[in-house]
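Letters are used for the chains, namely A, B and C, taken in the order the chains are written, and counting of residues starts over at 1 for each.
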């Protein structure tokens, strides 16, 4: 009896312990699932390209076999979604098209499906980091449906929402960055987005994350891009930060800026120097409720109240860019046609008001 | 008393009528059966809770094994199960039910039907808990302490609405069942004692059970109120503990309500374990308790003091620093009555003739490990060092050295000790000794390194240590702890196989008092029949631990003797 | 085993830790020694007949209780003194003392979120609510040898700010503002952890405490948050060391 028990113990331990230890190798990094949404937009786009190809093919005559094969491939490409499969089909279609001398059809085939190959490991790593640091404001799906913005309100009492990276709530489905996109258009260059992530947007709830390593930034960017498939078509424009002139805060500039301000800017920003309130203007995003239902109204924001509300990115170079490029998704149009010198005058004036009004506030508060 | 005698008389006169299987084993009112039912359910929940611990320990050694919310859910359920569904039912419901009537010479509990209801409520709570683990939406994953606002808004923060509600319901049912049991213990111990059994002649085990039941009853009501408020927050969206813009509840209120119960709770499970240890140690050291009165009074003082220490869990949680100082003083000073009790326990060995049966081995190990547990409570009770140690693995080490000792080592000592009485058979001694030593080694293998992790500042409830540079170098400790814990569970599973085997086919033990112990339960036959004493009634003539007494040449004198009942009232 | 302490007042906590743990170890070893002696001396083979009374020498073991009481009292004394320095003194009083002594301090507001920390800085002027305020995520930048006063709160659930190298920890509770303070004395990059379970990624809420030398800090605060090169250079400086 005793012997049997001791025997069982010995057998269990001698097999069990090595078997268990086999599992304790290199710890794996936890990888979460990749969910890259294939939105309706991409499907429609693909179908449109395929129908263009089919139109062109129907105009062809001769070489029945090849044309039929190409038609077949085009139909298959409309549905098929797997990366490798699609690559094979497209390569075959392209070589066939070149054989019959139709380079234009070959180019169309090239564009049928989005071949921006997201690195799935990078996207999933980026997703993990996104959930770690960004999801509480930008939403787990990156669509700005999140916990934190519910409590954030601006001076008009409107809820402030973080940037939506999917385009869901934009009136045209675009992904627009207020401070990094071109006024007409969508998306933004990698560089500018990384700059925003690292420096933050002072004056807004977006904090900066200067301690991020390059590979973490790349992964997060990869994940953000994977949220809207049209990002593949974006050609990033490189924007250098301008150098402020040496006499930025001189009296002449401020005076010229004041005069320029009275011409057009007062229409929305009013006479802030004398205490008038700027007016409310709509934004390009719809309002939505806690469960994500879009309403018919647009979000709105007050035109910047210099001196009372902090500038978004108040560094002179960024104020310059804001005036020159406008704020995409809002009614702050670009003023590049004024010329750089005039814009610097305006920058000086705006910064002057900001300091002046604030001092006035402080003195008022002191009494 | 006469009522019981008439029942007995009726049974004996008309012959034992055969009860159906259901009446005898399932819906039984016999305290011994109910005790075994508690023990069995507690053991099954222990396997579940222990398996959860193994899984999350594997994740710590090998990150990626579980998802993040799975890890948190496993940690939560492991803690809650071990406290409420293993330690309490086995120590209070199991051992209390089985032994209190026997030790005081009663025939059954004062309220047998209430006893049965208490077990079945407990069983229902276990079922609800296990269901809550598997519902869609996931199990609750906010720690066994259920701190809001994480738990007050489970949909938003955890995605686990149904799981949280069911978890709280299971908890409420478990409290109800323990309250019913506690009523029984107190009433039985105070009113159904045999003739001659004064309070100061009660075995320490009974004292401890009564104190534990009193502590539980006085401390649990604030938590029930808190749980109702939490349920209202979850289901109706009230703001007792939830914080939203404009409507601010107080998360700290929950902490106070929880820990006001939580601290006496640990003494609720400690006292019965100490009781078991005293019984086992006196029997196998062949000596009385070093100072019976000291132990009883120190325990009463400790029980009262236990209501004054709860906020030592909240030193850095936003309470007034002055009151934190007060709680620190009471917490550090509560170590004094316990050290008195432990010194008395240690000196019970002195002068004796110590026989190391498996029960005695487990009891001695429990005693030694509890010393470590108690001493490591001091860095946590001192408020300044708690700044550093709060919510680190130092706490994990401390509570494993106390709670595991209580819930496992003392329990197993009790199992080995009373097994012949309850089942009429023996568990193999050699196996028991091997079991004891292996358990000790593996237990220290997983619990002791926790202190080193705590000194390094490793926070609790971390799915992996690899995210932080200051913790990465301790990954090998995690691997060591995981291996030890797996081996520990393996040992216990083998023990369970042997345990169940011995119930049905172990060596038979017909001698009612194989350990030559003095207390009353050893006078009954093994196993005791329904209504315990048959046609006899015990009469107590002396104190409970008359071993090696006062120069007499006998090894022990039993506390009482059985006297045939002359006059049985006809029904 | 304890991480290095780079704060001026961390030694108070370390003193209590070493005393309580060390004292516990000593008392534990003594208790075990006595227990082993008893178990060995009175095992059945050595002592088949139990004695009628505990030997008088062993009865003196009861004095361990007095040792415990004295140990407890000393521990309480040391610990309460440290706690008084850290938390019982009101923050305004500490600030006033710091200013009177001619020392400098910085203030930071910390908000714990799921699952990162945001640190709100008052900017160059040192005052909150002015245009030069900014927020950084996951990094607390402070100058060497300055007191740092932290106002702590949380945005969603309870978190806990734990900086092991400075021996500070306090819970961040939504709806309440708690505080803590410390004075780092050595520049470097240290880790900040969350010490209260807050959801799935509780174990990944890593932030950094970056202690810059005074010149580096002046360079950084001049153009913060736009100028991050100081922080990057600083990392390289540490890597080179």
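FYI, a residue touches a chain if its C-beta (ideal position, glycine included) is under 8 Å from a C-beta of that chain, and two chains touch if they have at least 3 such contacts.
Note that this is a predicted model, so its numbers are computed, not measured.
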Pair with more cross-chain C-beta pairs in contact, given B-C and A-C: B-C
Centroid comparison with subunit C (C-alpha atoms), farthest chain: A
Central chain (by mean CA position): C
Between subunit A and subunit B, centroid-to-centroid distance (C-alpha), Å: 56
Averaged-CA centre spacing for the pair subunit C and subunit B, given as whole angstrom: 34
Between subunit A and subunit C, centroid-to-centroid distance (C-alpha), Å: 39
Subunit C: positions in contact with at least two other chains: 114, 156, 200-201, 204
Subunit A, residues touching no fewer than two other chains: 147, 151
Junction residues of subunit B, two or more chains touched: 68, 464
Residues on subunit C engaged by subunit A in the complex (per definition of touch): 113-116, 118-119, 130-139, 155-156, 200-201, 204-205, 208, 210, 223, 225-226, 228, 231-232
Subunit B residues within the subunit C interface of the complex: 68-69, 72, 141-143, 147, 149-150, 157-158, 243, 248-252, 285-287, 290, 316-318, 321-322, 324-325, 328-329, 332-333, 335-336, 339-340, 343, 346-347, 349-356, 364, 367-368, 371-372, 375-376, 378-379, 382-385, 387-392, 452, 455-457, 459-464, 467-470, 547-551
Subunit A to subunit C touching residues, read off their complex: 131-133, 135-136, 147-148, 151, 198-200, 202-203, 205-211, 310-311, 314-315, 318, 354-355, 358
Complex interface listing, subunit B residues touching subunit A: 58, 61-64, 67-68, 156, 244-245, 428, 430-431, 434, 464, 466, 475, 479, 482-483, 486-487, 490, 494, 498
Subunit B partner contacts - residues on subunit A that touch it in the complex: 1-2, 5-6, 8-9, 12-13, 16-17, 20-21, 23-25, 27-32, 147, 150-151, 153
